[in-house]
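Chain IDs A, B, C and D follow the sequence of writing; residue 1 opens each chain.
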Amino acid sequence: MNGSEDKIGPKHSEVIGDFPGHALPGVFFFVIGLWWSTKSILKYVCKKHKQTCYLGSKALFQRLEFLEGIAVVTMTLIGIIGLQFFAGGPHLIIHNESPWKRVLRLQHLTLYFFFGLLGVASILCSTVSSIPVSLIKLMMSNAFFVESFIFYNHTHGREMLDIFVHQLLVLVSFLTGLMAFIEFLTQKNILLELLRSSFVLLQGSWFWQIGFVLFPPGGRTAWDLLDHDNIMLLSVGFCWLYALAFIVIGANYAFITWLVKSRLKKQCPSEVGLLKNVEQEQESEEEM
Amino acid sequence: MNGSEDKIGPKHSEVIGDFPGHALPGVFFFVIGLWWSTKSILKYVCKKHKQTCYLGSKALFQRLEFLEGIAVVTMTLIGIIGLQFFAGGPHLIIHNESPWKRVLRLQHLTLYFFFGLLGVASILCSTVSSIPVSLIKLMMSNAFFVESFIFYNHTHGREMLDIFVHQLLVLVSFLTGLMAFIEFLTQKNILLELLRSSFVLLQGSWFWQIGFVLFPPGGRTAWDLLDHDNIMLLSVGFCWLYALAFIVIGANYAFITWLVKSRLKKQCPSEVGLLKNVEQEQESEEEM
Amino acid sequence: MNGSEDKIGPKHSEVIGDFPGHALPGVFFFVIGLWWSTKSILKYVCKKHKQTCYLGSKALFQRLEFLEGIAVVTMTLIGIIGLQFFAGGPHLIIHNESPWKRVLRLQHLTLYFFFGLLGVASILCSTVSSIPVSLIKLMMSNAFFVESFIFYNHTHGREMLDIFVHQLLVLVSFLTGLMAFIEFLTQKNILLELLRSSFVLLQGSWFWQIGFVLFPPGGRTAWDLLDHDNIMLLSVGFCWLYALAFIVIGANYAFITWLVKSRLKKQCPSEVGLLKNVEQEQESEEEM
Amino acid sequence: MNGSEDKIGPKHSEVIGDFPGHALPGVFFFVIGLWWSTKSILKYVCKKHKQTCYLGSKALFQRLEFLEGIAVVTMTLIGIIGLQFFAGGPHLIIHNESPWKRVLRLQHLTLYFFFGLLGVASILCSTVSSIPVSLIKLMMSNAFFVESFIFYNHTHGREMLDIFVHQLLVLVSFLTGLMAFIEFLTQKNILLELLRSSFVLLQGSWFWQIGFVLFPPGGRTAWDLLDHDNIMLLSVGFCWLYALAFIVIGANYAFITWLVKSRLKKQCPSEVGLLKNVEQEQESEEEM
């Protein structure tokens, strides 16, 4: 790798980007992962308690889908406009003389655009009734597959560790896309949705990790980008962030279940009490 | 790559092919992608409005399938004969002394043959009733998988960028084959069919892109085939052509839906009007 | 590759094996592929005509399965014993001092053993009723996956073309295993079974092709094992053998369908005649 | 590989680990593979004989699941604590100056943690009724996928044969995870569960093989870690251990079936005798 680097020149061997550029998408993915897991759990819990008490009709979730679409489109529009404003703007004509940085900016523009398509699909599916609802899942898997494709072609001529952290990003966004595609093919499965959300959470926290590795803030010692041991260490850190995503989603699940149950008690105490007894009986029966 | 190139000799380092040789399959794939998306949307829309008004019976689509098969077989026959006529013809005996160009021509001949098999399958399925209809999907996935296999073995000893653009061709034809195979395994799914059509559209437009990159027409400056930045730029262009395919199919969907609805209004206005009110009520109910 | 070859020594650079050693498995796979396709077509055709005339009960196919198992086990036993007899026998203790040829013989022994397991599974499933029938498909996919694994580790230190032809063998046996595994997971699908049979036929004819390439019989000029053009030529030949497998299976299908129909006519002419009229009516209706 | 090794230094070229460190996980995986196969077979056999005689209610299996979860969590806790106690303990803060051995220990800690999560999932699913039961399968596939990811990043800078044996470990744990994921997506399938168990058994015995290859106990001659022939020999040994796993599971199946039948005879002889006659009749009918 080093040999070919020398040919390309020193321009590429410097690390491109900055800490906020990786922290912002990290926050975005973490928030949207948290939101998707919340939505999935809420749907699941409401469906289970539907026969006892009215909460969370189909219309409510459709409206949430609509608002989610608006939010995603807004965020991607802000991203695209910000990219033009702060960076002088990418040229929209493919031209082979453009320098490296312009290409990187075009790649980000494309990323934003495909996530924007996901937002548009959310809006369309929640307003036009003739469009199949699974279009959202398809565009979601699409957006993440395109992301993994772009990041795969993002790291030509970089250092070993820089490539490795982006390869893991490719891995996690590919897995997210794959999960969304399996969801698109099969029927509703709460665990698949939560698995996808955990991958999105992992991606968010991994963006932060990349930021800390490549641009150590506040005078901390920089990582040696050519040391194999650091690759092994980062692969461990990747697994820990994955475990963290699991714990976040588990806590979220426990919290929402508790919230819905306590709300149900207040609104229609008699029915729930009746149900709970039945449930307890069933549980004790199954535990026997 | 350059080192091994020198051993093989300068004969291979020149770019083989010309602009029309990439523009023609581009047009073919774009037209057939457009046709397949039109057919899928038409089937979907007609199925939804079947209970209100007669339009698009099963027999009509079977006849369309038959005509499609005839068209595909004709085009591949023209391709095969043209290959023999204009190029002096490939020898049909595998012989290890044949020069490189003859091998390339044999590869194209094989490509045409497998697309011809797809046409034959269309004809057989629409005439012989004992053959399962999913044979068409199987032969379709087959043709695209064979295409990706051949293009994978198409680029030995070429320049970096030349290899990269053909690798993306391998990717898109492999994905098309994969989608067709999933369609073969699962039941009807309009979105899967449209996804496959969008991959075919992407392949068509990518053939044009390859033509412009490798054989810039009209005195435009040639691309540097050894520059890594061009790879990153072309990966962005690939995504944009993919987005373009989505937009084309979305426009097609909107146009056909509008067309069918307006035709239905003219032919049997009373029933449709009745239906529309019911639909509007349902929509307003769901949006509530 | 050449550089590392020099280190290992000239012992490995000579091509190991002979023409009959590749022709025999070729015949075996071709015969079993033909038999499997015949069985699948027969089952399919008999199932369609079940309501008109008695032919091909479940018991008959179970007995065929039993006989197939016996045949496969016998053939693998002959192979294993022949390997011991003609070659002095592999040592059954893993020992790191064994020369290269002994390893190759152990690999063939393992191959035979797993195909023997497939035969045993056929026998067990057709005699013991408590074992699920899909075990046959599982062991079949197993045998082909193990074959692809072994051939993947079969070619260390060989010439480029020698490696390439074995890589294609890995590809086709992996695809056969994959098809058998999909059959194991899904319900009956005649086209999947025929696709698997066509891969087995392809494997059989590809063994012959390997024999002709590596050990040209009768004084024909040998192939240059280091020429890239030969790789491209052989990839074309691979596709043609695949097309040949399709044509063989298509002819087989037409022949069996014709045979079953002509037999049905003789045995119970009145009913079939009645049925045929109904079918013709249906066909003309669908073609309308 | 050797060239890059020299750069990293001689520290990495020595083989890290010892025989017990590979024998212990080997025993663990062998025992758990045996237990999982026993559980699957028991469930399958009990389900078939449910209509004749009471044995193995749902509650019993739920309690077994609970005990299994407790056992797994206990074992992983022992592993984690032992790792801290005997090795001085890994530092829990990601820091780029840590030496290689600390990273390896962190990797093992992560492995144990994810298998602990599997145990926790088993406990949760058998106590809290609102959690879907397929969570166990999901966490199982998760644990094995994470294991394959970690072992993939485990072997930087080692010798060829050392890398190869760990690559096969990656392969088998990836396949185990894949099988568990397919089980998670599809409904109950006894053969899939047994296939997964056989992969776990294979992994257990392969750990022993790794121990014997890298740390030959008792003065046996060490393996040449740079010889290609050894790779081919070990790939054969891998297949034989796989065949061994099949034989173990087959014997287990025969033993449990015999045990359940003989127990049923004692407990409720009349009914079983009646059933057996019916079965024999059916069998003779099917064999006819």
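Convention: contacts are C-beta pairs under 8 Å (C-beta built on N, C-alpha and C of every residue); 3 or more make two chains touch, one makes a residue touch a chain.
The UniProt protein names, listed by chain, are A, B, C, D = Transmembrane protein 45A-like.
Keep in mind it's a predicted model, so treat the numbers as computed, not measured.
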Co-neighbours of subunit B and subunit A - touch as defined: none
Angle of the C-alpha superposing rotation, subunit A to subunit D, to the nearest 5 degrees: 90
Rounded Å distance, subunit B centre to subunit C centre (Cα mean): 31
Distance from the mean Cα position of subunit C to that of subunit A, given in whole angstrom: 44
Shared interface positions of subunit D, touching two or more other chains: none
Subunit A contact footprint on subunit D (complex, rising order): 8, 12, 58-59, 62-63, 94, 96, 98-100, 103-104, 106-107, 110, 113-114, 117, 127, 129-130, 132, 134-135, 138, 146, 149-150, 153-154, 156-157, 184-185
Contact footprint of subunit D on subunit A as seen in their complex: 48, 182, 186, 190-191, 195, 221, 223-224, 227-240, 242-243, 246, 257, 279, 282-283, 285-288
